[in-house]
Amino acid sequence: MQHRKLTARNQTPAEARTALICAAICAGWSDVGRFPAAIGATPMDDPNNLAARLRALEDREAVRDLIASYGPLADSGDGEAAAALWTEDGTYEVIGFAKAVGRADIAALIDGPVHRALMADGCAHMLGPITITISGDSAQARGHSLVLRHTGSGFEAHRVAANRWTLARTAAGWRVTHRINALLDGTEEARLLLAPN
Amino acid sequence: MQHRKLTARNQTPAEARTALICAAICAGWSDVGRFPAAIGATPMDDPNNLAARLRALEDREAVRDLIASYGPLADSGDGEAAAALWTEDGTYEVIGFAKAVGRADIAALIDGPVHRALMADGCAHMLGPITITISGDSAQARGHSLVLRHTGSGFEAHRVAANRWTLARTAAGWRVTHRINALLDGTEEARLLLAPN
Amino acid sequence: MQHRKLTARNQTPAEARTALICAAICAGWSDVGRFPAAIGATPMDDPNNLAARLRALEDREAVRDLIASYGPLADSGDGEAAAALWTEDGTYEVIGFAKAVGRADIAALIDGPVHRALMADGCAHMLGPITITISGDSAQARGHSLVLRHTGSGFEAHRVAANRWTLARTAAGWRVTHRINALLDGTEEARLLLAPN
């Protein structure tokens, strides 16, 4: 990347402005890829472009951490904290099992007999990596989930599913508005959750 | 996000300052969520706020990459490199199996007969996603681990565990000061490792 | 981090410059760790240093998201979209099974009988976390992959493998130039894919 190295010592204001434009253009190159939408709307020579790009990364990090915290909260048995990852009226839909609407219902899934039986055996609600798309104040993430269950003699892959998460930026940060989960048992419905849009 | 788009061309210094304040406030909105602590301590109209926010993301990225590199290093059999993810006096505690203190002891776990037998069979030390909390120069991460073992005819989930990582910022970057790992076999001790604080 | 908090209200330009240098130095501390190479080449007192650091994070995020999208695309059956994660002439090498060169060949792996049979049963191509190294316009990532297959009565770990991804920055963003995957069945060849360099 040596050819893109910039030095700004002792610059005139005009030189500094030029350097900033160059930096923005150079830095923007990587924006051609996968998460640039909001960035493209900001003029390249706008100092605030840095803030917008930074915020785009912060948004992705917040969404990633929010979703990454689901499994540990679920397996620690804290239904209320797990439900708080959703908006107040958020939905957690597990095809063929339950459709919980609102935090109380979502917490009840964690506090209910099916999840408690899993916890008593020993379980891990692991997720695979998610691919995240942010569009303004909403976001979507797609990825796999794997529930492992202790059987006494070992562990079994109890449930393997496709997940599509829809999220919204709220005054309290990013929250899940809808999570839909479907068993990857060969049905097209599950597979389609993993497809873009 | 159109209503938050900022244009700074031909601004007076006062206008530019106002725009910067707005940008910081807008950008800070997403900070209300999950990883804002250090950021809140920096004045919103301080240009260095960008550096502080950037650093917060760099810290999270460094912690994530450090932890993500454990499994590949362990399964490549490089005990010394795996142990170097810890501080010199760091601890790796596997409940019911071992408590290794210091890099030499941690490397010995990788170089020892249990891990070498797993490697000879074929194994994968996979982690689930981690949720990270950074507070100044210390950090915590929580998440699952899954050891898969080749059995000849296929693979089995050999070990499924809860993990809590404690980390410190050192002159050489982030390092693990303590990792505790407990089998998710239904015991509360393991579940509690996945709970916040 | 209180000792590093910076306030820039009512600063003279010289004071502001000093503050910026301090911020850069402070922020740079965390760069001593794992992904600092390009950053170190930029003068600490250069305002464009922020852009370079931001870009380093954007690069890592783009690589992570690109790789994270492989599994969902593969399991949704979209061979063309999965192949588009590679460069036009990219290679996907699965030791002992196939070496696909170019997008058409890579798409054919997803559209071919082996993958379609897995999809008909129900499958999940999950990845573990990856450790990423970026060097200018090229990158490398290492990590595990796990293919789970629905068996009717449950799920089995069908394939557990080591992966080394090599990537290049292109005009369209980061793309995979080479992915090599080897079964973790105890052979050294697979283990070495997980080692640095």
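All chains are identified by letter, namely A, B and C, in their written order; residue positions are counted from 1 within each chain.
Going forward, a contact is a pair of C-beta atoms (placed from the backbone, for glycine too) under 8 Å apart; a residue touches a chain by one contact, two chains touch by 3 or more.
Because the structure is predicted, anything quoted here is derived from the model rather than measured.
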| item | value |
| --- | --- |
| Rotation angle (°) superposing Cα atoms of subunit A on subunit B, nearest 5 | 120 |
| Copy pair subunit B, subunit C: interface residue numbering same or different (half cut) | different |
| Subunit B-subunit C separation of Cα centroids, rounded to whole Å | 16 |
| Where subunit A touches two or more other chains, by residue | 50, 54, 57, 129-130, 156-157 |
| Interfacial residue positions of subunit A with respect to subunit B in the complex | 38, 41-43, 45-48, 50-52, 54-55, 57-59, 61-62, 64-69, 71-73, 75-78, 81, 119-127, 129-130, 136-137, 148, 150, 154-157, 169, 171-174 |
| Subunit B to subunit A touching residues, read off their complex | 1-2, 5-9, 16, 19-20, 23-24, 26-27, 29-35, 50, 53-54, 57, 60, 128-132, 142-144, 146, 156-162, 183-187, 190-192, 194-196 |
